[in-house]
Structures are given as C-alpha cells and as structure tokens.
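The next part holds the structures, each set out as structure tokens.
Across the two complexes that follow, chain A remains constant while its partner is chain B and subsequently chain C.
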Partner chain A sequence: MATVEELKLRVRELENELIKCKQKQNAMEDAHNQALNRPKIDKMSAEVVDSNPYSRLMALKRMGIVEDYEKIRTFSVAVVGVGGVGSVTAEMLTRCGIGKLMLFDYDKVELANMNRLFFQPHQAGLSKVEAAEHTLRNINPDVAFETHNYNITTLENFTHFMDRISRGGLEDGMPVDLVLSCVDNFEARMAINTACNELGQIWMESGVSENAVSGHIQLIVPGETACFACAPPLVVAANIDEKTLKREGVCAASLPTTMGVVAGLLVQNVLKYLLRFGTVSYYLGYNAMQDFFPAMTMKANPQCNDRHCRRQQEEYKKKEATQPKVEVVQEEEEVVHEDNEWGIQLVSEVSDSELQAATGARPDLPEGITVAYTIPAQDAAAGDTVEETEQSLEDLMAQMRKL
Partner chain B sequence: MADDATRRTVSNIPLLKTHAGPRDRALWPQRLKEEYQALIRFVEQNKAADNDWFRLESNADGTRWSGTCWFVHELLRYEFRVEFDIPVTYPDTAPEVAVPELDGKTAKMFRGGKICLTEHFAPLWARNVPRFGLAHLMALGLAPWLAVEIPDLISKGLVIHKERNSG
Partner chain C sequence: MATVEELKLRVRELENELIKCKQKQNAMEDAHNQALNRPKIDKMSAEVVDSNPYSRLMALKRMGIVEDYEKIRTFSVAVVGVGGVGSVTAEMLTRCGIGKLMLFDYDKVELANMNRLFFQPHQAGLSKVEAAEHTLRNINPDVAFETHNYNITTLENFTHFMDRISRGGLEDGMPVDLVLSCVDNFEARMAINTACNELGQIWMESGVSENAVSGHIQLIVPGETACFACAPPLVVAANIDEKTLKREGVCAASLPTTMGVVAGLLVQNVLKYLLRFGTVSYYLGYNAMQDFFPAMTMKANPQCNDRHCRRQQEEYKKKEATQPKVEVVQEEEEVVHEDNEWGIQLVSEVSDSELQAATGARPDLPEGITVAYTIPAQDAAAGDTVEETEQSLEDLMAQMRKL
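What follows is the complex of A and B.
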C-alpha cells in the first residue's frame, strides 16, 4: 500500500500534468482564434461585400436615416451592470461599432442566468465583465474595452467609478459620452444618479420589473429632466391585481424576451441620441401584458433631495436665460361673472395640503405610469430622536462592544 | 407590514437626526454616533425584554459592519454571521444586509447572501429618510426575514443545529 507521502507526490505529478495540458490547450485555442478573428478595420467602408461587417450599417447613410454613421466610432459608452439587459446592450453597441465600451459589474456568470441572452453555460464561474469582454472582442475587435469587476456602491469603488466615467473616454482625460444604467437594484441606480448629478453626466436608466412583464428606459440630463431622486421610483403599471400576484419563496422572475425588448429600446435611444436621428425618448415604458408603451417627459424637481441635482438645475436655468426664447403664449380667458353681490366663492372641504399630507404628493403622470410609493410630508413630531451626547464615537463603539 | 409587537419595538428605537452618508466627511461622524446611540438603546431594550438577538460593530470609519444574529427555534439557538457595507447613497438607500452562510439555501436571497427584503421595506425606509438608521434596518428588515426563513430552512434540513450536527 502506498504511503501518504507517495500519494502526495503522485497528486503533485498529476497536477503538473494537468497544468501542461491546460497550457497546450490554451495555446491551441489562441492559435485557432487568431485564425478566426478578422484584423482590425481602420476606416468604416460602405462597400457592399460579404466581408465588410459595416456595410449594412453604412447603408443607413445612403437611405438618408443617419447623416454620418462613421461618427459612432468617436463615442464611448459606459454600461453599468452586465446582466440580462446590460450584456445585450453591450453586444448591440459592439456590433454597431461603438468606439469604446466601459463595463462595470461585480457579479459572476451563473447557470441561473441561462434563461437570459448572451452568456453561455461554459462561462459559468467567470466574472461577467471578463466573459463579456472575451465574447465582444471576438465579435468586433475594433471596439476598445475597459472592464471593472467591482460593486460601485461602496465608498472606494464609487470614487474610482466617478473617476473613470469622467476621464475614461476615448480620448484619455475626457468623460464618456453616455452612461447606461442596466443594474437591477435601487442602491446601484441611486449611486449612478449621484455620480452623474455631481459630474453633470448625461445618462440613460433602464429597468425590468421583478415580475418580468414590464420595463422602461429613461434619458436623464442633469438639471433639465427629472433625475432618479426627483420622484419616488416610477413603475409601468402592468394591470395585475396585487392580490393575485404570488411572491411566495422568490425574489425576482425574469424573461429573455422582456430583457431583450428593453435592451433594444435602450440602444435604439442611444443610437438616436448619439447619431442624431429620429426623436429621442425621455421616458418610455413597456407593459408586456397589454403591449402598451406609455411615454412622457418629466422636469427636474426643484425640491429634489440631491443637492447636486438642485445645483445642476440652477446652472441649467442660467443657461436657458441667456438663450432667446420663442414661445407661443396661449391666453386663457378667465370666467368672470358679471356681478357677485354676495362674494360667493367655491371652497373645498378638505384642503389640498391636508390631502397631500396623508398620502404624499403624486407627480402628474400619464396613463400607464405610476410611482412605486409616495412620500408623505415630513411629520416633525413622529417620535423620540437620539439625544445629544457627550460621549465620543470611540466611547460609543466600546460601549456597543461591551453589551 | 409589521405586526403590533414589531411596531411597538420600532417606536421605542430613537430616530436619527443627521442626514449624512459616508462621503460627507464633515457630518458622517455625527451620523455614526447617532447610529451607535440608537443601536445601543435597541440592544438594551431587547435585553430588557429578554429578546436579545444580534450584535453589530463597524470598522473605524463606520463603512463596513459585521456581527452576529441568533434565532431560537424549538429551544435551540441558531447563530449566523451578518455583514453589510454602507452604500455611498446612505441614508437615502438602506444597506443590503447579507447572511453569507445561507447563500444558495433560499430563493429569498440575492447573490452573496444578501437577504431579499419585501416590497414593503423600500417604501417604509424611503418615507423615513433620514430618521431611520441601522437599528431600524435590523428590526424591520432582518428580524422579519429571519422569522420567516429560518424555521423553513430548519424544517427542510438546510440549517442544522451546530451541536446536534457535531454530536
């Protein structure tokens, strides 16, 4: 019988052999990829031949849809969240020949993601940004990639995130042209919102509901349109009775269809915005149950909680004031009764302010869009607050530890 | 969302005053002091009510928290590690509490063991910014989650009592 030492030695031998095999396989794969991959293309050509990956895109010019398609190579876009929506978004932009893509995600590919598009089972265990870069580079080597595998909501990463979107454009030191939020949670959206308000960075929000049957995209121009903190989160009403919606034992459902549709709407808006064609949507909802697409524009809220949003609003106002305004003023005729001897007025029994205090202000929204919740006016005397204390933070920390 | 007992417990936790997150260098230490004050009061209350169920502590700048929580089921005590980061957007958004050792054992969890808080928790938190703090997060976020999930995990055999396991 073999001793433990002998077995250990044998394990090491086998391990080394495995490493050699892996190296050989990698070298073969690389050679194979080299043979398959096309070389980089310096200038987009409109020539219609089988070998030109841009011929059908450049045809947009000939058809008069887009004036200058080649301009797409001068833009850089940051995609935050490379999941069901973000990965498809990144693939579409890659195939369109975007200049630079910056990808942020802290997650790994899992088999549970396979109901969505883009990632493949053999990528399970790899970081999403790494796996995505590999696939995307194969599809289009002309695109420049930069990936960051971290959670943007923590203090250190957030600082780095701000630095990259403000200085990581195609030309080093310049900001990216657009930030796309493809994340799946409120915290990350708020973090992107905070960063973009501070930097004055234009961005687009996207989202799919937890029940997978509605979604939305939104263009946010800091100071001009409502930021993500200007109102409680908007929801596309799916017209499902909350009582019949079962939440037992699950957090979120997802469909490749809804995510694909939302990614498509998002990238369509990105292309229209960057290449200046068609009408750019400020907010577009998608209700998959009724196939209804509510659209709207929402102005920034002067009472927004985010002070940088308020600062951007001031700056926007100043900018607007310097521009000459052409506005058609529609005069509304006031109804005046000839005589009102007794001074009669109509007065509501409940004042508007009383109503609002109970439920919170509801922004004026078109049919099909609502807010996730309302926030009632602050009630100052709601309960005991912490008392002033002489104790230092260190004292308090020590006290907590002793409990 | 919460039953009367929870409501009473929560109403006894002092509310916080300072609206500041970890990026606000001037005011964050003050907010942190308030967090500790509220947490200390909450733990003392729990002890007095014979319902002591968690401990938390933070790193020096108060951005990373960890500790333990425990849950008594059929006279056996089950203990779990708890951890979370304070997001840059705190207190506008609540931290995502994680119980890493339960990762993959329940569907009511996101990757990394972050617990899935109900639809009702986000509005509740949003309506109480900046007055709610970490003590409220424990009482209204983690406690109800443990109360629903742990008995279920025990009954499915996915959580096994440590002594019973080794013995």
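What follows is the complex of A and C.
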C-alpha cells in the first residue's frame, strides 16, 4: 500500500513528464504548422524584400517584358493529367501566382513516379490530385484550387468535366481561360479535344515520347488551328498508353529532364498567351538527342470528323469576314516564324527510314514532323504490345474516323 | 490536504493523459519518419512494379537510348549555386539516381525565392545547401550528398573548393566527373573557370538573363573549347550580380519556366555526356520570347589570359598530335552541327541595335550571339546600377585582364 508521500512524489513525476510530453508535442505541432503556411497576400507587390514571394515576378514589368503582371491573378487554368508534365506545370503556375488551378487526374502516386519532379516518396499511395493540392497550397496559399479525382473519359465524368471547364472559372459560371492537356494516352486527349471543340475552348496539348527523349507542346484554337481530330496529333516519336504497356510488364521510359523542359515550354507559352508578351508558339517540338526544336502551324481541316470542329470553322470564317482583323486571327493565317526576324526554319528532324516505319499514306506534313500517339486498336482489351503499335497512318486515320 | 484516494485518482488521470500524449507523439513521429524515408535500394532494377523508383529510367535501355543506365551510380557531380537553376538541377540528378552530389552555396532560402521551383516556404531562413540536402535525401536516399555552406570566391574557400572537386569523387581521392556552374554572378563563374582550368576539369556553365526570358548552357573542356577567360561568357542578354541589384532596391526578374527549361537542358546535356547518348551540346541558348534555341561552339583562345588555359591548350595539342583520334577530339574540331543530318544552323537572334548597345570592339562571334554578364567595376563597392552595366566589350576585356 502506497503512502501519501509516495503518491505525491508519483504525481509530481507524472506532472513533469506530462509537461515535457506536451511541450514536445507543441513543438512538433508548431513545426508542422509552420511548414504548412505562409500567410496569404492580398495584393501583389513589387517591393524588393526577402519576404516578398512576388518580387521577381513583378520585376518583369520593370524589365519591360510584361505590361501588367498582376493580371495573372485574374486567370484560371485547368490541368488535365497531374503526372510528370502536369505536376510540374501546376507547380510553375502556382509559383507564378495564377488565380485558380483546376486539376483532373484519377491516378495514385507511386514510387515508380519518383524519377520525375514534384511528387515525393511519402506521398506514395495518395491520389495525385490530393497530394498535389496539398503541396501546391503549401507553396502558394494565394491560389484557388479545385481538384477532381476521376477519369474524364467515362460518360458521366466527361459531362462533369465539360461543366467544370465551362463554368468553373475564377468568376463562378464563367469558363476557365485555358485547358492544358498533360495526359499520357490517346483516349484522354480525344476527350479534351471533343470538349474544347464543343465549347470553343482554347487549349494547349503537351506530350513526351515513350523513349523519353522527345516531346512537344501545341496551341489549339477551335475552328482556327488543326484540332486533334483534324490530323493525328504530332510529336517526334510514338507514344503509347501507359496502361497498355503495364499490362505487358513493360513501361515507357521517362526522364525528369525532358518532362521538366516540356512543362517549362508549356507554361512559358501559357504565360505569353495570358499576359500577352513574346510570340506564342502554335507547335514547338523538343528533340533531346540533337537539341533540336521544330516549330510549325497547321490549319483546321474542313473535312474534320468532329462536327463541332467544323461548326467552329464556320463561325471563325464568319467572324473573320465581318470583323476588323484581330491580332490572333492574323497570326493564325501565317506559317509561324516564316516571316520572323530570326529566320527560324523547319528542318528535317526524323530520318526517312524512321518515317518509312509507317508504311501507309502520309498526310501533307512538313518534312521532319511525324505522326504520333497510338490509337488503341478496336480490340484494345486484347492488350497491344509495343511491337504492334507501328500501324500505318492509313490505318490510324481509318480507326480515328470510326471513333 | 489531499487524501490517499484523491491522490490515487490523480495518478490514474495523469497516467492516462501521459499515455495518450505519448501515443500521439509516437504517431506524429511515425508520420514524420515515414515522410522522411524510403528504404535504400542496393541495385537498380528494371522490374516494372509501382514500387520501383528506377523502372522508368532503366526502360531507357530497352528503348535503345542508353546502353548502360546503371552506370549513372558511378558518377559524381558538383553543383555550384543552389538557386533557381541549381536546385532543380540537383533534384533532377537526384531523381535520376546519380552516385554522388556535391553542393556549394552560401545563401539562405527566402520567400523571395518562391517564384522558382524546389524550395518551399517553410524552408525560409535555412541555408540553401542544408534545405536542399534534406529534401533531396528524402527523395532519393541512394544518392551520396556532400554540402558546403560557403562562398567559393574567398581565398580560403577557393582552396577548399579546388580540393573537394579534385578529390571528392565517389572514390575517395578521385575528382568529380563534372562541375556544374549554376551561379548568378561573374565572380563565382570566374572562380569556377580558374579552378577547372588549373585542374583540367570538364564543366558546364548555365545562366539566365536578368529579364528572365532567356538563358543558356555551355560545355567547357579546358584546352579544347573556349574557357570563360578566352572570351566573355555568352548569353542572350546581360546578367547582373544579384547583390549589386539588391543594393539598389531592385532585383532581377526570374521565372520558374525559364529556370526549369535551362535546368532541364543542362541535366539532359549532363546525362548525354555521362551516359554517352545523343549529341552533347557545346552551347545551347534559349530565347523564350521567340522560342528560339541557338547552338554554336567556340575554340580556345591561344592568347587567353589564364595561363592554365594556355597550358591545357598546349597539352591538348600534344595529345592530339601523338594519340590516335579520340572521339571527343574529333567533335571538338568541327563546328558543332555543321555536318549534322538535321541541318541546324545558327541564325540571328539579337537585333543589330541590341548588339550596338555594346559600343566597343566585338569579338569574332557568330551573328546573333552577344556578350553577357557584367564584370564588376573596379570600385564595385560604390554600387553599380543597371544602367551602368552596358559597358563596351573592350572595357570588359580590359577589366577581365586585370583580374
């Protein structure tokens, strides 16, 4: 039987231990909270102090590059696909202080993604949009985030996706300013294309090849430039659905370098488009083996199989005929860079033997640009292998028509 | 006076509270530890499973791009400057599974750095090398890290820097395989140049312009290609020491896009150089306004003011005369890309009026390439302004000779 003195001693011991435990807990919580937050900033300032996260961006004004950098806060951008390119794209836009980011992905973070920037090992198992939002909000709490953890290609989700990009802008009920495609398969690209054609939504495409050493970005203005159904999407090498590859126990190669460069070129194009500086690229390729960067534009195809694309083309023609020339219209009519002062020319990029790997008819493409992205075979469930993907262009076009 | 019963009750309460506190603390520590670690991996595997962080890199082998990807683990790279370009460079190399990374920087993380990738707000106040090592080790514990929190340009630190890059390779006592310059000022670039000339150490330069919309990377092989003292460093626009700018209450502009692209091009060049694939670029520029990418090479200058550069040139000549032609030697003798199958040509990038901003004599540079980086005036302490930096090339060269 304990004495009162013994019990009193024990109480003191326990009280002290509890104080220490709580102190440590508070310290851990403080560290955790500190890690999570910087205070929100109401108005972007150009003040040059170490504590201002926007000083280097606002300096673009003083440097004569951007007329009104603060305008970045009025824009909303949807990023579809938060993988190797999409996650870095979202991070760059977040650090630039974009008004609102809408993220779509249905994948989970895996350790197998650690060879690209952005996600960290402790996030393995989390949904990509959830993990990304947590990191991005931490980096810049001034950005508004909206995330959707679903596959946009199912009928129900597609309807919701259309609704969100057409009414989920910064001002409720208004469309987003730009949709960015950072997906890794044909189906999702086609879904984005279909939605943007119907809505007349300007968007940008991006992609990297399955061998990890080339990529591209592309601006698509419905009715003006070629849409995804007007011509097969272009990239310097074939790209294959990751899911198809996984079934075969193989995977596409990827590099943080190529994906970082493509994301950088994409977001640079976004900034130039939204903030109106420099020349916005319609198509810009990146061949890492040779450090070669082809540029081009393609007009919309009047025989496009997407009726909304044809409708947009009609509307564009009418607008062009009745309105005074608009900036964007002028640019579209020219082959990009043809008359620029730098004398950039499109030169051969892919060898003839590579082009001949596709044995069918070829569309009228500039030399050096080849057709990319495998269109899933009709019996896609049977599991395509890498070898089976070298279909002729004719086959590809025929299949695309059936879609 | 408390009764025995009351005291016993108090002991039970405290014991319960303490158990709860410790449980919570353990949970927090578990979460913390989990966040910090993935287990080390002894041998890189190409197995396609979600838990393999190297599957997408090892796939480069199967894709026919890289012969032996695992060799990446045998290389060590020093990164000088862990800012907007250097931090992303270090992250890319870490995710690629480089053997060893040596980081040099003396700056602290600030909220003003949050417009570039990598650092996060909760790291503000930490030294850049310390914060970077923590994040990078977390991302890939297989990489060996060595960090130095000092300015390499002071005499004592410079000696230590020389020692570490010449003897701090993966195998102790051996040099690193490559030094990467990711610094933001002339002095530090010159220090790296001096060290690499003396040691015959191959290195790569990188830079972004103060207006944030152009950048470059450059491979420097002492004795073969032009060093930093052979000709003023080249970039598409002038770059100014951040410290100088800060004194005036202004700062250089920067963008996560441009810095991400430059880091991506730099590390891609590093991978191509170390793993022997594709064509290594000697000089690659990035003009974001026009999406233009000039390429070129420059031979070493026999009248270079750096005696170690002249010695390296002599040694290179001897080696060239006596040895059977080595791969690298052949490449060096040609103007890069002159005979490549892609037909890349160097074309005009900067307008004549921009070139004429430098009123003195000009070196024999290809059209479109202009001289960059301000050399601090002799009375640097007086505080240079942006306006004062448009010195003539003659002045720049004269000042450089005095250094």
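The rule is simple: the second predicted complex is superposed on the first by the 281 of 403 C-alpha atoms of A that agree within 3 Å, B and C clash if a C-alpha of one lies under 4 Å from a C-alpha of the other, contacts with A are read in each partner's own complex, and residues count from 1 in each chain.
To be clear about the criterion, a contact is a pair of C-beta atoms (placed from the backbone, for glycine too) under 8 Å apart; a residue touches a chain by one contact, two chains touch by 3 or more.
Keep in mind it's a predicted model, so treat the numbers as computed, not measured.
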item	value
Which of chain B and chain C A:Lys8 touches, first, second, both or neither	second
Touching partner for A:Glu187 - first (chain B), second (chain C), both, neither	first
Partner chain in contact with A:Arg307 - chain B first, chain C second, else both or neither	neither
Touching partner for A:His134 - first (chain B), second (chain C), both, neither	neither
Touching partner for A:Lys317 - first (chain B), second (chain C), both, neither	neither
Partner chain(s) touched by A:Leu155 [first = chain B, second = chain C, both, neither]	first
Touching partner for A:Arg95 - first (chain B), second (chain C), both, neither	second
Residues of chain A touched, compared between chain B and chain C (which is higher)	C
Touched partner set for A:Gln120, first chain B, second chain C, both or neither	second
Touching partner for A:Arg276 - first (chain B), second (chain C), both, neither	neither
Footprint overlap on chain A, where chain B in one structure and chain C in the other make contact	110, 249-251
Contacting residues of chain A [partner chain B, same complex]	107-108, 110, 151, 153-155, 158, 185-187, 190-191, 194, 229, 232, 247, 249-251, 305, 360, 372-373, 375-376, 382-387, 389, 391, 393, 396-397, 399-401, 403
Chain A partner contacts - residues on chain B that touch it in the complex	11, 14-17, 22-23, 29, 32-34, 36-40, 43-44, 47, 55-58, 63, 85-89, 92-94, 96, 107-111, 116, 118-119, 122-123, 126-127, 129, 131
List of chain C residues in touch with chain A within their complex	2, 4, 7-8, 10-11, 14-15, 17-18, 21-22, 24-25, 28-29, 32, 34-38, 48-57, 59-60, 62-65, 88, 91-92, 95-97, 110-112, 114-117, 120-122, 124, 138-140, 210-213, 246, 249-258, 260-261, 263-265, 267-269, 271-272, 277-279, 281, 284, 287-293, 295, 340-344, 347-349, 351, 368
